[in-house]
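Two complexes come next, and they have one chain in common, chain A, joined by chain B in the first and chain C in the second.
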Partner chain A sequence: MNTFKRKLLNWSSFPSLVLIIALSVINSFLIPHFFSMSYISSFLTSYTPLIIVAMAQTFVLLGRGIDLSVGGIISLVNVIVVTLFGQGWSFPSAIAVGILAGIIIGVLNGIVIGFLRVTPLLATLATTSVAAGAALWIMPFPGGSVPIEYVMWYQSNVIGFLPTPLLFIIISILIWFIWKATPAGLQLYSMGRDIQKTYVSGVPVVWIQFYTYVSSGFISAIAAIALTGNTGAGDPLVGNTYTLFAVAAAVIGSVSLMGGSGDIFGAIFGAVFLGLAFSLIYAIQIPSTYQDLTSGVIVLLGIIGASLMKKRKRTFSFKPSHIKPIGGNQP
Partner chain B sequence: MPLFECKHISKTYGSVVAIQEASFSLEKGEIRAVLGGNGSGKSTLAKIIGGAVKPDAGELYFKGKPFEVNSPSQAKKLKVIITSQELSLLTNLTVEENLVLPSIPRKGRLFIDKNAMKAKASAILEKIGLSSELGVLVEDLPANKQFMVEFAKSLLQEPEILVIDEITSALFRQEVEIFKNIVRELSAKGCGILFISHRMSEIFSICDSVTVMRNGSVIDTFPISEVNEDMLVGMLTAYKENIGGQTKENRAIEQSDRVLLSVKDMTLKRFGTRVSLDAKQGEVIGIAGLQGQGQSDFVRTLYGLNGHVHIRLDDKELQIDSVHKSVQEGLAFLSGDREREGTFSVRSIAENLEAVNSSALSRKALNQKRLLDSYGVKYDNASQQIRNLSGGNQQKVVIARWTGTNPKVLIADDPTKGIDVQARGDVHEIFGDLAASGSVVIMVSSDDEELVHLTKPLKNSRIMVMYDGKFVKTLMGEDITVHNIISASLPREGVVGK
Partner chain C sequence: MSMEMNIEKSAPKPSSTKMIRNKLKPYIPSLSIIVLLLILGQILSPGFASLGNIGTIVSISTVLAIAAIAQTLIIISGNEGIDLSIGAVMSMGALLGAVLSKGMNTEIWYTVLILIGIGIIIGLINGIAIQFINIPPLVMTLGMTSVVNGFALAYTKGLPSGGAPEILVKLGIGHLGPIRWMLILGIVLIIALELVLRKTRYGKTLYLVGSNRMAAIISGISVNKTVLLTYVIASVAGTLGGLVLLGYVGSAQLEMGKDYALLSIAAVVIGGTSLTGGQGTYLGSALGSVVLVLLTSVLVAVGMPPGVRVLLQGLILLLILLIYSREPKLRQ
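Then we have the complex of A and B:
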């Protein structure tokens, strides 16, 4: 077995890749022109926000936290950008303020969780209400608009053939690679596995936690900018469904809720899997009353499938077994 | 001026005295062994030096200046490093990532310098003979190599004082040789070394001096040339042997030859060893040994906590595949960790009592008042939360929970941890009575004195000593003494990998 094949099989994101391929095959039979460029492009237009927000969630999950505020951040950034543009701001400066708002919520999470030691679940549950509440206050009803040029640009290609939404994904992946290249990347994985041992090794765990939430806020804001390009309008409730789907995507992509294992590509694959599932449901025209039920079942199957494959990989692992006698008296 | 000095340091945890007025000093380049039995305070001492525990009283000096640290990272900055058998390695990272974690080499200000990281790691890995493990995840390393990597991690931090807490216990012989050479090298550079170990051969081959600890006190420090193994064992065990001398023969039931519980070749996963035990009706068996030699593994495996086991109980062959099954078949398990495995702390005494009887076994309710009174539990009323009771009374309630179900075998894993002497005596009494009524009692304790106290007065009793996942000695009758237990617990020849 060559090294590449072994690396691929042992890659934590491999099960989710298999799921994507399986679902793509099914979709290709049921959806006309599934493999066409125009279908792929429209798929990315719709699901890029989910893909990006799953990445945001991954930063936090790897450090054994959870960020329930990503949905609130998406709503808030969306309405801020649309409202400021409506009030005559230039579109780029409206985007800048929107992204700043995402970062601020991230900083708030980071302070409350990192420095004040509040449980991530509670802290972000509270901040998501803050963000979503602020969004409702700024824009009580859906409406407004963004420059039509922006929407056109978002829904077209750059450099001729590259769907623009990919640009957003690439920016988020770049943030991930920068993280990985700094000591914080290593410290993030180590903190996710065991915060006490990491602390004892002299790692400033509080700051690492802080950075994960700030990154999550920032990347969620990028997701909101992409979303705004897709919807072209403001909606104070638009982010609501993203929070748990982001967690689900990460889990399907083998990012552990217990921290310390998985990577961002798993989250991307998990989000693509969810996107494929949703588009299948629309394509075969399941009545809207059963849509939630069907998508719920597919998400469940995805999670079960990913974790079964993870177990299987362990069983047929190429690594030596971990259980070794602790005593030294064996020959 | 000594490199490091402790003056009259004390530390208590609740009512337990861990260290009492301990004083000693360490010179530059000295390799000092610290020897002591369970609960002698040596690990607490290591933790105090490493900044993980703050002493209640006493003074510490490092290079003549007061040594005041509040956290392990502060101690690390002063180059006071601890490397311990409670490994600080992160299993999801590679060997080199673990090695550099305390100070990651940087390129510019922001980025990891991967080349420097590899270079740093390979240099030290070559030194410890693990060059081939570069890039391997720590979770894929066998235990002995993990211990070596833990040791290497401490070396990379350039210690001026290195505390080595039982790290050699999992090493193979070649590795111990490498380890010794590195320790000697460190000492030549002027690093002071505290070597906490129970392996006599290692102590005698590398240490300059030895400090003996017993019951939280420093007994004395000797140059290694002035002592021998027998003298050291003698000092460790200089207990008053009069405890538990009065044999209460009336309590012991007629010698029964009927084997109630039989375990054959049960595997202890962590050690990869197989153990067997036959327990006769009415027997009280104490399981002794140094900490972590498989005592807990044995009782927990027996109870079905570590997966499927096969036992013979009351002339019936049983496959225990869950704890529920073992409880139904008449096994009872009493944990020393009351908080996590014993009490339901915010529920009432009554509910705690019924937890097994009516909830797990669906039997009819116990006579609670009678049970509680017969064990002398001090309480207001049975509906008060159990956490309002003292530790000893809480544990009595948990014991009553089990004895109320008339178990065939009561398994106790250090059940008297952190409870007072009076309650301890009561617990022993209850165990004795339970055995007298025909059950088997198996008790692990980290306190050798306690085991003697429990088993000596009873006729049908023995103490089995474990080392490295195996039973190495059985003590009965007059042989049950603290001295014999400690003597059997220590590997006197101390040779590894033989």
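Then we have the complex of A and C:
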């Protein structure tokens, strides 16, 4: 029991778990029926895309990369699925093509960053433009629809009591466990900490990088499918905000932006925390024109808070990871 | 003629022409692409290279070049510096400019002062979070984007009011004799920024801070002060750039400057500024701005829908990145 307690306290995702519990207590006072099954199920319906896209971002962040194109991918997959269905395709095949599109953007990211060695930040900024432009090209204005059965299924329960969105989350978590089951899982962490040394020890770092971006593209596409079940329509700009939210959720969940530390559960907790914070904004009825500002400030404070906590921890550790040069403190 | 004289004069020192050639060398790709695009535009859509259209292109380039001030300085400052918030800050500058000035010339100084103040605040928040809390610039400025957009929405209640004061409109689309004010503004900015970067203490410090922070700290340079100042200058350039944008367009809309974040980064990359920091010129970024605006104009002239334009911009940026900024192989 004692070792379990110590393990829990040292778990990188533990602080975000505490944040969730704290915010849940606050929410339970302000939101009626907060702990009811129907509220939890509607919460998952709205915030599953965010939870999943945070996981997608985590793969890339662990390898010391970043994927700014997740928002663009979500928009692209959303409009492809809706447009193809509108043109008479069967819904499953429309979904298949949508997911394929997400994977293709991921492959493009992986090639440009892994094999052609362009900085992740700029490469994914460019592919964001590619994905978002393609989305805008396919569907210049919001519209279209998906089968009502799909929306009903997404917003209901499977096996009686489990909300369907959980299914999407579980699929994404499975991809994480596939990584962990292969050497690639450990190699990913190692690469995030020190790519040079990892390369020298014979790890195919280029391929690992490639797979992280492909995973990110694939999981972002799953997020888009979930989102489509929630909105039931197509919108070429629907993914825009998700890029920031995904990075913020991962950071709040103690996934290091410097690579090599954190895990997917931290990202899930971070996303749930943001979801709770956003539902609080709606619950206390802040005027709609102020909601963007409030959610922006919450996200930013979350990032700053998480970074401050990490900095504090570093100061108290015995190993000085950051040695100041001689004379550095002189006026 | 004067060029020849120069060469003759420096005949004993053959390195002089070489020096001029070396100094011009980084700009030759941009300059030749500009000429090529002008010819291509003229072929695809006659009248493209007319004086009127070139004037328009120069004006929009100046707006982009203002965004590129922020991006160039921040990228030179190193530490993976980048400003994704510049588009949002410019949008907000334009919106607040219209609302605060109520479209009247008399209110312009008051508006400028307030916008400078807001720019300083945004820059300080960005700089402090990046420099003291170690938040990567990318993440911090991405977060700032959503706060600034949210603020603009909340302040205007989603309904931008007011318009551009006459003096701004004059700057945006007016002429001084045959020359557009925007061209003059662009040239003044290039000269001013180049002087600041090359001749002032701040400029020299910036390059050192960007190329080697440890060395800068050891040699007693206040890195924190330089970085903070850089982010403040960037945000002030953003808010004031918003005013210029307002003058050019004539009215303000929400998120009207959104595209400038990506485009300004592309302009800096085309301009040859190294993304690892510590080197680069503003003239390069300004020429890069002209290249990108020309390219967009050509795409518009041949009737590409907006979505395709964004897509092509992305592909072109990818191409530019592949040419200019690949990282060294791990094997080395």
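Going forward, the second predicted complex is superposed on the first by the 298 of 331 C-alpha atoms of A that agree within 3 Å, B and C clash if a C-alpha of one lies under 4 Å from a C-alpha of the other, contacts with A are read in each partner's own complex, and residues count from 1 in each chain.
Assume a contact is a pair of C-beta atoms (placed from the backbone, for glycine too) under 8 Å apart; a residue touches a chain by one contact, two chains touch by 3 or more.
These figures come from a predicted structure and were not determined experimentally.
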For this session: Give one of first, second, both or neither to describe whether A:189 is in contact with chain B, with chain C, with both, or with none.
Result: first
For this session: Counting touched residues of chain A, say whether chain B or chain C comes out ahead.
Result: C
Exercise. What is the contact status of A:293 with respect to chain B (first) and chain C (second): first, second, both, or neither?
Worked result: second
Exercise. Between chain B (first) and chain C (second), which does A:7 come into contact with in this model arrangement: first, second, both, or neither?
Worked result: neither
Exercise. Can A:33 be said to touch chain B (first), chain C (second), both, or neither?
Worked result: neither
Problem set entry | Overlap of the chain B and chain C footprints on chain A, listed as residue numbers | 199, 325-328, 330
Seminar exercise, completed: Interface with chain B, chain A side, in the complex: residues 181-183, 185-187, 189-190, 192-194, 197-203, 260-261, 319-320, 322-331
Exercise. For chain C, which residues are in contact with chain A within the complex?
Worked result: 80, 82, 129, 133-136, 138-140, 142-151, 153-154, 157-158, 214, 217-218, 220, 262, 265, 269, 275, 305-315, 317-318, 321-322, 325-331
Problem set entry | Partner chain C, residues of chain A touching it in the complex | 66, 112, 116-119, 121-123, 125-138, 140, 195-196, 199, 205, 236, 241, 243-244, 247-248, 251, 257, 289-297, 299-300, 303-304, 307-308, 311, 325-328, 330
Problem set entry | Interfacial residue positions of chain B with respect to chain A in the complex | 52, 72-73, 76, 87-93, 97, 101-104, 106, 110-112, 137, 139-140, 142-144, 153, 169-173, 175, 269-273, 468-469, 496-498
